[in-house]
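Shared chain: chain A. Partners: chain B in the first complex, chain C in the second.
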Partner chain A sequence: MSSPTATRRPFLGLDEKKRFMLALIAPAVFALVFFQIVPIFTGANASFRDWALHDPKRTWVGLKNYLYVLRDPEFLFVVLPNTFGFMAASVGCSLGLGLALALLLNRKFRGRWLVQTVILLPLMVAPVIAAIMIRWMFNDQFGIVNVVLDLFGLAPVAWLTQRWTAFLAILITDVWLWTPWFTLLLLAGLQSLPPEPFEAAQIDAATPWRVFRHITLPMLRPVMVVCIVIRSIDAFRTFDIVWTISGGGPARATEVFSIYAYVEAFQFLNFGRGSAAAVIGAFIIVFFAMGLYRILNRWVEVSK
Partner chain B sequence: MDWKLTALRRTATAAAVAAAVAVGFAADAGAQQRELKVGYQKHPIQDASLDMMEKWAKANNVKLTRIPMAYSVFMEKVTATLTSGAGDQFDIIWHNDDWGQLWEKWLEPTDDVAGIGNVDKWPLDAFWSADRKLTVVPMAHTVGTFFYRSDLLKPEEVPKTFAELVATGQRLQKEGKVKWGYVGGMAMNNTWFSFWWTMWANNCDILKPLFERDNAKLKAANFEPAITEPCHREIVEYWWDAINTHKISPPGMTAYTRNEANAIFMAGDAAFTLVDSTHFGEFNDPRRSKIVGKVAMAPFPVGPRAQKPTSWNEIWGWGIPKGISAERKKLAKEALAFMLGDEEGQMEMWKKTGGPPPNVRLWDKIAAQDADFRMLKNAVFDQKPVTHSAYYFAEWPAVHKAYSDAVIAAMSGKREDIGKVMQDNVEKIRRAATGN
Partner chain C sequence: MTTASLPAPAPRRAPGFFEALAPGGRRMLFLLAMVAVCLLFAFPVLWLGLTSLRPGYAVFYVHRGTDFTLENFHEVLGQQVVLKAMWNSFAISTLATILSLGVTVTSGYMLSRFKGPIPNTWFSLIYVFRCVPYVSWVLPLYFVTRALGIFDTYWGLLLPHVAVHVCFFSWIMKGFFDGIDPSMEYAAMIDGCSRWGAFWRVAMPAAIPGLTALAILCWLYTWNEFLFALILTAHETPILTVVMAQFVHELGMEWHLMSATAVLSLGPALLVTVFGQKYVIRGLKV
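On to the complex of A and B.
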């Protein structure tokens, strides 16, 4: 007599093992489809429609929302330059500092574990909390930053009232939050490098700078490329820090892409236009990331 | 592999049984106790208003569930809830005059709530639906109030004009009594506490015709901004001078929200501020303020183009989503009616929070026994002309932002460029108003 399992007919031509595997991944697929894929298509659909959040008529308007965004001088000449400027400055500074810290932590010294723990602390702080703290730290009346300036005999600065000082406050926050991330990954990269080239350089009495310039850096490039690409994409969509510290101000001077999309969709309640901005941003970042990856990949190839 | 499938099946069966049992229990509990869910902002005034409804709820075996939401996302979240078919997520929601035009078609008429006849009619202008039905039940008045330090100035010394505000502020600064003369919010969504009160007090407005709030008339005038009018340029120049020339206001003020301005005032560093009266309780909270018992109210100082102090008078209220069942609508209206009729609770709310009660028939009674309320009444409610502190068309949030960007840009540049910056922004404001 055969067992009940053996006589069961295959469902969709799948055997038991495959069905079991499907059952295991089903919750993840469900979450992905309903919380990622469907909202993306809903947003993309809304971008072609007259979709005011308070009065969603949902009538088809074609490319009207896209044309509005692409013709908006604020989007082209303020928002996009701010976004890419922020991305370049943040990724550049975090990478430089992260690499320096990784090199430091790759050496043996007393209290290394303590330094390591302290350096990683910002990773445990939610960006919005960090941004609230930074906003008060840069307050011209109560902020610690002006107190420090005062100790050095410098005049207090109204940080958030001018474009570049406000931008600097945002940048400092972002670099503070993300440098540990670079440190962590680059340190892992450093510790996985083969020791032979370093031993050979030691025998040749190469200076530390030459070792770093000609051995460490080229061998670390693949890790750096991954870090740069991932972080650049993430920096492009930065929202919470900018929103909390400057709100995109003064007078839109620090507005970045995600603030633009948010304000259109949720402050002006024009969900269609906000969605169009988001879709445009998605295309920009996809093409930018592909281009960046190709350039950096070539850099890695050259270094080989 | 069999045991795995069996385990999966058993788990699924157990989950289904548990869910069925839970639903059964929930249904049973629901039959015993009804529930009203309230979406609101955690604020002493709103909590005080809910405390009144709580009394009714307890007496009627209703569970009042408070669902707090952050101010910064409240309007967006509730709008999405109302329009997405999930309108039954809340039975009562906090409602504000700025949102009246956005939510009017999604909210239940409230004309039939008992006690609605006892509220001030002026602030209700923002809350009528297209078919002239009221969509709000007032919770408290939120009125812009000019606060001064009563330990530094006698009532007769309080500035009555913009020029006196500068002179008095500078005098107190020179005497070392305060660090700043005036402090108030200026950044986006805090425009009322600097630009706008002086704008109205200088007989000016944002759009033409000045002080018009009829959308049809504003549209007929093509939403023409008034920001290049002399009356408007004067107020931007006034604030530019206050910060850069007279130095009665902090240099960082263009980036201040009301929180930062209030922090400076409550630290005892400023002589004057203007903010919603609802902050009076905070100013007198010894856990947060150094100026407890040293704050008084006065009418707005007036600008060169006005003769009398102006004021604005709006409300916070409660709305009922149309999407909920008839039974819950009835319950919600009963709760709100109880709140409107709870004289003791409303007087308690005033004493605890500084929120003027919605029932205007109580005002004289409170004024007779409370000096602070007399002061507020004189500073705001007795002043005419009165204006609305917002416009009530759907694109208003975009106009507000475009306006704020324009004046902040003007404040960030040179004084001689103010006129040009304002001119450059006329089209942006009009574009925001027309949605093009």
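On to the complex of A and C.
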């Protein structure tokens, strides 16, 4: 765009176009700075201090909190594996299921709108409510899951009192919540693919599997990359479903990173330590996200 | 099976083993898969609804017996804290939607229409801060809102919510404006319209469908949000999701009341799913 009004006097040495650009983003910048960037720095400041109830002076302690968190076996051997395991399992399962569903829905059939309405439902349900439903269904004494197991003559399982079964319940909730999101995005991707390669494949009598493997999948990759990156970042910071289903228990065995930081800060009331954990987590995910984006991006370019 | 009378789908290849075994079987299989999918995704919600209709004494055996009652809803709606939480959640969601969209629509427009160092910097900032886990800034926000004297008030939850939405929504808004041809805006500017005029009178009306979609989603996100509400509010401003989660931990046994509360709070989600479907699907596309 050329500047149509060059006669206005410059403001801070900026021309009219730049001033317009800055004015457009000013409110968003304001919200971002005051309610995200300032708190992040407050938290970073707190992470270097002994910010706990027993020390009202908030003594500067340097890296003590960081060293504590990085040496805490709970953080290293439970929280980090849980967080990344959960991320990988959740994204992997929802991507696979979402893709399968998208392929099934990518055709015209009667009752399609009904299926689409039903799979839209989990996207609208609050994660807290989904977690409550799962908690109720997996209740060890009265839950429907154990009733069904009983029907098949299997022994009831105390789902939420063991680490791996509780983890499974959390994972099921997350997959239930997010598979529809993958389905919708991948379905939109499928519908926007050009028809020519598929027609060519049909003329060559390619099997459905080979069409999927060599045409659909490569052409869907850009959409899949965006989905995987966004969902991985979100899965890393999962809080509400873990908190509602297991509360990080039994015995902190299902704690993920967000729960760890929250518990350190608000239950053990050691705010400095919670902040240090939060800062460490933020660094991990920002670098992870950038690396993931780069790797997947390269993968897309190679496949072109 | 009565599939013998159904016309088999036009074979594109030589019929495989499966088609030879059961003509039309693929369609049957497809139908079964669809029914299974619907059941899987709807079951938890249906089960919750069923639980909420059971009287307190029968709630532990939802699958047995046929006593149904609306008493749970009556009891829940009689609780002051639930009513208050519903009203607060409603007010916060509505205000947050208005504020967030107002703030991000201009930001998205800017990202879509301009190139150069300023949009690039803004875009990378947004990308980086979108990755920062919520917990990393919601913990200190507790102290920031306390210092500002807005902890446990509407503002104390509203402004952080707007900040949450800034990054993601600017990104989506950029997508909406990318899909709108800018030549009309150039034409308007040649005809003497200012930049603001071109944005407000030409680009905005074209972006209304996208804005509607995002408004619905933003409202639901805020209505469903939990972590910020948990940390940034206390007794003065109860929020529905927090109240429900407390039900689980404190009155762990009262599943019928909990389900009734959950069903009530699902109301808007159900309405949107049924009536706002086409908008929502548009808004979800990144």
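Just so it is clear, the second predicted complex is superposed on the first by the 273 of 304 C-alpha atoms of A that agree within 3 Å, B and C clash if a C-alpha of one lies under 4 Å from a C-alpha of the other, contacts with A are read in each partner's own complex, and residues count from 1 in each chain.
Following the convention adopted for this analysis, a contact is a pair of C-beta atoms (placed from the backbone, for glycine too) under 8 Å apart; a residue touches a chain by one contact, two chains touch by 3 or more.
The structure displayed is predicted, hence computed values, not measured ones.
Asker: Quick one: is A:Ser246 in contact with chain B, with chain C, with both, or with neither? Answer first, second, both or neither.
Answerer: It touches chain B, and chain C stays clear.
Asker: Now for A:Val226: first (chain B), second (chain C), both, or neither, which partner does it touch?
Answerer: second
Asker: Compare chain B and chain C by how many residues of chain A each one touches, and report the one with more.
Answerer: C
Asker: Go through the superposed model and pick first if A:Val263 touches only chain B, second if only chain C, both, or neither.
Answerer: After superposing on A, A:Val263 lies in contact with chain B but is clear of chain C.
Asker: Just checking: does A:Gln141 make contact with chain B only, chain C only, both, or neither of them? Give me first, second, both or neither.
Answerer: Once the two structures are laid over each other on A, A:Gln141 reaches both partners.
Asker: Does chain B (first) or chain C (second) touch A:Ala188, or do both, or does neither?
Answerer: second
Asker: Is A:Leu22 in contact with chain B, with chain C, with both, or with neither (first, second, both, neither)?
Answerer: In the superposition, A:Leu22 touches chain C alone.
Asker: Which of the two partners, first being chain B and second being chain C, lies in contact with A:Leu217: first, second, both, or neither?
Answerer: Neither chain B nor chain C is touched by A:Leu217.
Asker: Please indicate which partner A:Gly281 is in contact with in the superposed arrangement: first for chain B, second for chain C, both, or neither.
Answerer: Once the two structures are laid over each other on A, A:Gly281 reaches chain C alone.
Asker: Give one of first, second, both or neither to describe whether A:Leu121 is in contact with chain B, with chain C, with both, or with none.
Answerer: In the superposed model, A:Leu121 contacts chain C only, not chain B.
Asker: Please report the chain A residues shared by its interface with chain B and its interface with chain C.
Answerer: 5, 16-17, 20, 23, 141-142, 247, 266
Asker: Enumerate the contact residues on chain A facing chain C in the complex.
Answerer: 1, 4-5, 16-18, 20-25, 27-29, 31-32, 34-40, 42-43, 46, 101, 104, 109, 111, 114-130, 132-137, 141-142, 144, 147, 176, 180-181, 184-185, 188, 202, 205, 207, 226-227, 230, 233, 236-237, 239-240, 243-244, 247, 257-258, 261-262, 265-266, 271, 274-275, 278-279, 281-282, 285-286, 289
Asker: Give the list of chain B residues in touch with chain A in this complex.
Answerer: 1-2, 4-5, 8, 73, 76, 79-80, 83, 102-103, 105-106, 179, 187-188, 250-255, 260, 263-264, 267, 269, 394-395, 397-398, 401, 404-406, 408-409, 411-412, 432, 435
Asker: Residue numbers of chain C touching chain A in their complex, please.
Answerer: So the residues of chain C touching chain A come out as 12-13, 30, 33-34, 37-38, 40-42, 44-45, 47-48, 51, 59-63, 102-104, 106-107, 109-110, 113-114, 118-119, 122, 125, 128-141, 143-144, 159-160, 162-164, 166-167, 170, 186, 189, 194-196, 199, 220, 223-224, 226-227, 231, 241, 244-245, 248-249, 255, 258-259, 262, 265-266, 269-270, 272-274, 277, 280-281, 284-286.
Asker: Can you tell me which positions in chain A touch chain B when the two form their complex?
Answerer: Per the touch definition, chain A meets chain B at residues 3, 5, 16-17, 19-20, 23, 52-56, 139-142, 156, 158-163, 166, 246-247, 249-253, 263, 266-270.
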